[in-house]
Amino acid sequence: MPAGELRYPSPARNLTMETHAAGDDEAWVWAQIKAEARRDAESEPALASYLYSTILSHSSLERSLAFHLGNKLCSSTLLSTLLYDLFLDTFSSDPALRAAAVADLRAARVRDPACVSFSHCLLNYKGFLACQAHRVAHKLWTQSRRPLALALQSRISDVFAVDIHPAAKIGKGILFDHATGVVIGETAVIGNNVSILHHVTLGGTGKASGDRHPKIGDGVLIGAGATILGNVKIGEGAKVGAGSVVLIDVPARATAVGNPARLVGGKEKTSSNEECPGESMDHTSFISEWSDYII
Amino acid sequence: MPAGELRYPSPARNLTMETHAAGDDEAWVWAQIKAEARRDAESEPALASYLYSTILSHSSLERSLAFHLGNKLCSSTLLSTLLYDLFLDTFSSDPALRAAAVADLRAARVRDPACVSFSHCLLNYKGFLACQAHRVAHKLWTQSRRPLALALQSRISDVFAVDIHPAAKIGKGILFDHATGVVIGETAVIGNNVSILHHVTLGGTGKASGDRHPKIGDGVLIGAGATILGNVKIGEGAKVGAGSVVLIDVPARATAVGNPARLVGGKEKTSSNEECPGESMDHTSFISEWSDYII
Amino acid sequence: MPAGELRYPSPARNLTMETHAAGDDEAWVWAQIKAEARRDAESEPALASYLYSTILSHSSLERSLAFHLGNKLCSSTLLSTLLYDLFLDTFSSDPALRAAAVADLRAARVRDPACVSFSHCLLNYKGFLACQAHRVAHKLWTQSRRPLALALQSRISDVFAVDIHPAAKIGKGILFDHATGVVIGETAVIGNNVSILHHVTLGGTGKASGDRHPKIGDGVLIGAGATILGNVKIGEGAKVGAGSVVLIDVPARATAVGNPARLVGGKEKTSSNEECPGESMDHTSFISEWSDYII
Amino acid sequence: MPAGELRYPSPARNLTMETHAAGDDEAWVWAQIKAEARRDAESEPALASYLYSTILSHSSLERSLAFHLGNKLCSSTLLSTLLYDLFLDTFSSDPALRAAAVADLRAARVRDPACVSFSHCLLNYKGFLACQAHRVAHKLWTQSRRPLALALQSRISDVFAVDIHPAAKIGKGILFDHATGVVIGETAVIGNNVSILHHVTLGGTGKASGDRHPKIGDGVLIGAGATILGNVKIGEGAKVGAGSVVLIDVPARATAVGNPARLVGGKEKTSSNEECPGESMDHTSFISEWSDYII
Amino acid sequence: MPAGELRYPSPARNLTMETHAAGDDEAWVWAQIKAEARRDAESEPALASYLYSTILSHSSLERSLAFHLGNKLCSSTLLSTLLYDLFLDTFSSDPALRAAAVADLRAARVRDPACVSFSHCLLNYKGFLACQAHRVAHKLWTQSRRPLALALQSRISDVFAVDIHPAAKIGKGILFDHATGVVIGETAVIGNNVSILHHVTLGGTGKASGDRHPKIGDGVLIGAGATILGNVKIGEGAKVGAGSVVLIDVPARATAVGNPARLVGGKEKTSSNEECPGESMDHTSFISEWSDYII
Amino acid sequence: MPAGELRYPSPARNLTMETHAAGDDEAWVWAQIKAEARRDAESEPALASYLYSTILSHSSLERSLAFHLGNKLCSSTLLSTLLYDLFLDTFSSDPALRAAAVADLRAARVRDPACVSFSHCLLNYKGFLACQAHRVAHKLWTQSRRPLALALQSRISDVFAVDIHPAAKIGKGILFDHATGVVIGETAVIGNNVSILHHVTLGGTGKASGDRHPKIGDGVLIGAGATILGNVKIGEGAKVGAGSVVLIDVPARATAVGNPARLVGGKEKTSSNEECPGESMDHTSFISEWSDYII
């Protein structure tokens, strides 16, 4: 399958995050994106204008991203030029935001079999775009520019149907797959290398106005439609099954499934589980366990 | 936390609906909104244009809302001027619609810890905006202007991902929190002071074309992702847990959880429960009960 | 109820798919649509411009559809004229796409009690529009025009919150009811006369990059919020309950409910079930069975 | 010629302003416009949407005009809804503006052989539209809302290439024919029933900041490209030839031609000239006189 | 000068119209345009998107032109898709319109020293674009689709400041240089290979509603700001000086200058003048003659 | 007259260009503009959003100008973000462009009695805006980015009806008053402190492709509708009367009037004329001389 081939450009080592500097990494990914866009523009004239305006006319990833987000998120009362300016200033001045974007691009490329290229993710993944825009909103929030941060949140929710409170803290290497309907509350925290499917809620319990949303550890995988409520802790490398309703802490490397969610799998198994589900995207390895558990 | 501070402007009594006339109430809320917008415009020049066009240039809440909805819901084939005209005419001629909007603004402000100001809700809450636009669509429906009502429904669903049939009857003091993915069918009825989280479905059973959707009592709280199907009755002050699938009546002040949903909590407890969950937004007080029940 | 009256134009036989040629069928439906639009334009001047631009100014269903989709899915970087051209060329050159669109219009009209007219579906149903646009994306995919197909997928997901991979194979006579949040993966296959409610996921398991998504048989009905994961087979005429999480094959005419989903109903009952749930839209006939099963 | 036929609807008396009340007159013209638009919409489906949105969906001439001007003059920073509101408020509150618009429509219809209908003028004549928008700008100017008046002037100049200072006083029954390039300065005054062709300048002399622009009497006709500079007086019923440069007073009923302009025709002739050239639009009756004069 | 180099691509013979078929000619010019656009897109990334959308993504000159005109002339009430459709249908069905466009492109390329390429004319010359749009309006006029023709005229006048009545007959090989302010009346006729500068008026005299506008012979050159009024005849190969006001017939190959215009140059000179001024664009060869004449 | 008052802010010395550094001057003018905009925003809520988006939200004149030009000149195929980027980069990197803009603002403020404030000129004067955009196009031209320069020229001509070839050299302190219809050719050169009214042509003679357009000296005043053709020299401080057709050199401080233009005024008078007509804007002081001359 060509799509498969495309997923592993040589040298393959570049697909995983390595020891070279972040700047080099950004440059390498940007070069890949331009090469992909050039190839696509040549093979598909109807898309060439789009690819030139969004990617090929830009001198850097941050400019391309600022342009694309500005045009996607603008409205008749929030002009694209204003948003472009805001995004470009923020990405230009903060290398960490750029490094996170690169890590997210790699995450999509490695974990999502349907992600045929970096440029596909950059242009088409609403989860990727919502996450990058959220990072800008979060930065504004920490700078006490809250009304602007909230206006951005609103535009992201309108345009991508992804509603992330600007105060929420999100790590890097994040894959929001499909992303429609994701809701993440004000005091939620998400670690690195986490994968979250669509319709996932990290919600509050409504009881209090303080710290009231979930804390998601590194490498966690949260299946489609899962609802995690309250200030609970989902430990490193844990998995939450699709459609689960989680109101309790989930230990590291454990799996929670069902409504209400219970933990499945024994302690020994958990400890021997060395993989990172947020990266392997194995949604269903718990099926047999679950079946066992249930029956 | 400043957000918390902002939530309780003095005099606090104004945050709950009191004995003064609806017109006074509307005027008070509108004055608050203007003051908030002025403060934000001063502190954030990048947002000032947006705040002036949406709020500060208008002489009344109804004009601001008509302008904002017209610009949000317009498309290349349904122009903003046409929609603005329609919204303004309807809001101007029906004080009940304006009173309901004010009650909804208060509901968001009181119940949602993330709602830092009235203007934040007015500008940014897709649930609030979808609900106000629905009320206009509903009025058109009752005037037998059905094609226009259905066109509005479609625009609301495209823009906000909130799909409410124009025939559905919705009370006031409603909070659609996050709102993405809410679906409410033709013969659904929703009482006053109800809180509904995102991804909630009040759906039909497909069996018939008559009265086939849920009836939601006053003060009900419906958690994220809950699906309530058929002409069932959710009694006053009842709670429906997140992710529940409800196919049965739920008595007043009872709690339904699970898939399929069962009632949790004993009768005596229910009767002693004097609070209104739609207002307290307590999503998870049933956890201990549920755990008890399940185990 | 007038809506009910409108649903059954005479001669009623035309509402079900019959033996006359596809072209005749298309012409008949198009004539109905024009008549409906003319009636609505006369009764509602505020909507007349919209109805003329989307329907009444066009000489054929394919032109109307290409115009409407072009204007709905365009963005500042993907112009309406480009998309119009693409849609018109594809619909004009492929009668099968037009026949599928007509079958989908009939499906909405017959199965959805809220669908008061063909034109209502054509103009307002995001599920219908997303499906027609997907068919074009799918055709592009099979012609190895993948970047363009993926760009279309992205626009459909942004605008309608419906995310269907362009490689997914979808039959005809499909009703995506409400449609917000539907996600369908790359190797999914959907038969004919299937009804799928909103928030339904036909997802992968993440284990592999090969054939990893569900196969949905003819006449299947999938309730709101159901999540079906992995290369499982949902047999002809099966039903999947709302909110179910299905990780297993479901035999023909069987019903799967719950999280995780189990089959309900005995073998004899299944065999005697002659109706097609995808067409009857009976979401809840399994309630009694389920209750029995659970208790 | 059918166009000619259309120009004289029976009863012909209505084409000239008569003794019935202004309100009746406005109603009669509006009824004509709607009838014309309906006829055109029926005969030309491609234009029907345009005609419905601009004329047929509106309940009055002022609404149609406010809508049309709002959509023509808006920009990304001056929204159509804002302009629509401004125009509608002004036209609604000032019957004199509406009467002037009606008089201008009649002027175009009677004097311009190419004006086949009132609706043609209302929709397509940039001179008519620029003049109506100017009247609103002028009203704002007299209300000391100068920045807004000047912003309107700028939009009219960008969109229609007609640059009229908002302080300029313009009578009624005015025909700006073709209109491109017309420039009218701050202290200019134009009487009633004046016809002004394109590229006409009523300019200042640059010497002073006081009263420095031409005063144009009733019934004057100014030919294409004429330039009239300084605080000179063009008397009632006078004619200014195309391309003339006028730096001197022109007596009533006299004709000025040439660069620099001289008066042609004797006194007795002038006095016997009972017609109003601004209404007869006779641009060239002076040719023989001129030739006599020159040779 | 590079511009000069660019003007004469080899083989130079192709710059003048020759004996090969019109279709071949169109193909050759279109190939040139694509080559120019490709070269420019490579050298200027900021323009590449524009060049792909307007030229390089299209399979023919008529598609490129229809796309470009549709996007230029559209408004919020006359959508680009509608105009694109109209232009494409008309250009596709009438080879004469395409041949005229090709002849106009050649005219600009040969006669205007500032015209560095065919693509420059196609994309940037408002005179060229206004003329092609007029040809479509004229065709509609002859098909009795007058309201649509007049709406097009109005859009052309708004967007390009070129006002040509749709009934006016215009030949081919026409250069409207700069074009701003050109006004051409209803019964005007323009021959082939005519060059008309900006601010030129071919106007009526206002006396009558019949045949009242100028008739311009083949190869005529009309200088900037010239005003020609009434049903006068400008003979083949005649010249009209800049700023002239012409109210009389001008014999073939004669030159008219001044306000009012007189003929300059003797008969013998005229007869020996073998060149075509409309093609040579010699605006000022009459200066010495004129000086002689005047002094 | 209040307008007059506004024209002379204290300290008045700042209105003429003095010895302080260009950067200081820019800062002073920008501070004035912001103060004016703030005052207008306060007095006119309907304009506040416009003033914030165009002026008050920006941190410098160059950002405000880049934003305003980007939004004015953009089209569906040349996006505002792209143009904004281009303008901002060019203005930021070239202090001479910013100094020229400031000099132009001062020119309008001092010479045009209708120019009530700097912000009025910045926002509303198409001549000012066209000139600044031309300067960017000219810079691109000198950098051999010709296709982009020509695309800008075309947009300026479409939007402002001002057509300046990007190769034309223009000094600073320029006032294009009203500006509609100005045409300036490829090899034209304009000095400093020149005032040019609307409809002025600096055109070629068509004879050659080399240096073929007028050279305008410092301090020249060119009246409305004047046409200057060929490589002629208009000397320092000369005046060209409105509507003149100039085909000859005009000596320094001389006045040319008429069609064809002749010089008026004797040598001694010329030498004693110490003022700069381009700055005094005295269009008509030649009237008496002219009358004398002619009669």
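Labels A, B, C, D, E and F are assigned to the chains in the order they are written; within every chain, residues are numbered from 1.
Methods note: a residue touches a chain if its C-beta (ideal position, glycine included) is under 8 Å from a C-beta of that chain, and two chains touch if they have at least 3 such contacts.
Here the structure is a predicted model, which is why all the values come from computation and not from measurement.
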{"item": "Pair joined by more contacting C-beta pairs (C-F or E-F)", "value": "E-F"}
{"item": "Fraction-based call for subunit F against subunit D, same above half, different below", "value": "different"}
{"item": "Chain pair among A-E, A-D or A-F whose interface repeats that of C-D, sharing over half of the contact pairs by residue number", "value": "A-E"}
{"item": "Length of the line joining the C-alpha centres of subunit D and subunit E, rounded to whole Å", "value": "29"}
{"item": "Averaged-CA centre spacing for the pair subunit F and subunit B, given as whole angstrom", "value": "55"}
{"item": "Inter-centroid spacing, subunit E versus subunit C (mean Cα positions, whole Å)", "value": "51"}
{"item": "Contacts with two or more other chains, residues of subunit D listed in rising order", "value": "46, 49-50, 53, 57, 71, 76-77, 79-80, 82, 161, 180-181, 199, 225, 243-244, 259"}
{"item": "Sites on subunit D touched by subunit A in the complex", "value": "76-77, 79"}
{"item": "For the subunit D and subunit B complex, residues of the former touching the latter", "value": "49, 53, 57, 63, 67, 70-71, 77, 79-82, 84-85"}
{"item": "Residues of subunit F that touch subunit B when the two form their complex", "value": "41, 45-46, 48-50, 52-53, 56-57"}
{"item": "Residue numbers on subunit D that touch subunit F, as the complex places them", "value": "75-78, 82, 86, 145-148, 150-151, 153-154, 157-158, 161, 163, 165, 180-181, 183, 185-186, 199, 201, 203-210, 212, 225, 227, 229-230, 243-245, 247, 259-260"}
{"item": "Complex interface listing, subunit E residues touching subunit F", "value": "1, 3-4, 7, 40, 43-44, 46-47, 49-51, 53-54, 68, 71-72, 74, 80, 111, 113-114, 116, 120, 123-126, 159-161, 178, 180-181, 197-199, 221, 223-225, 241-244, 257-259, 280-285, 287, 290-291, 294"}
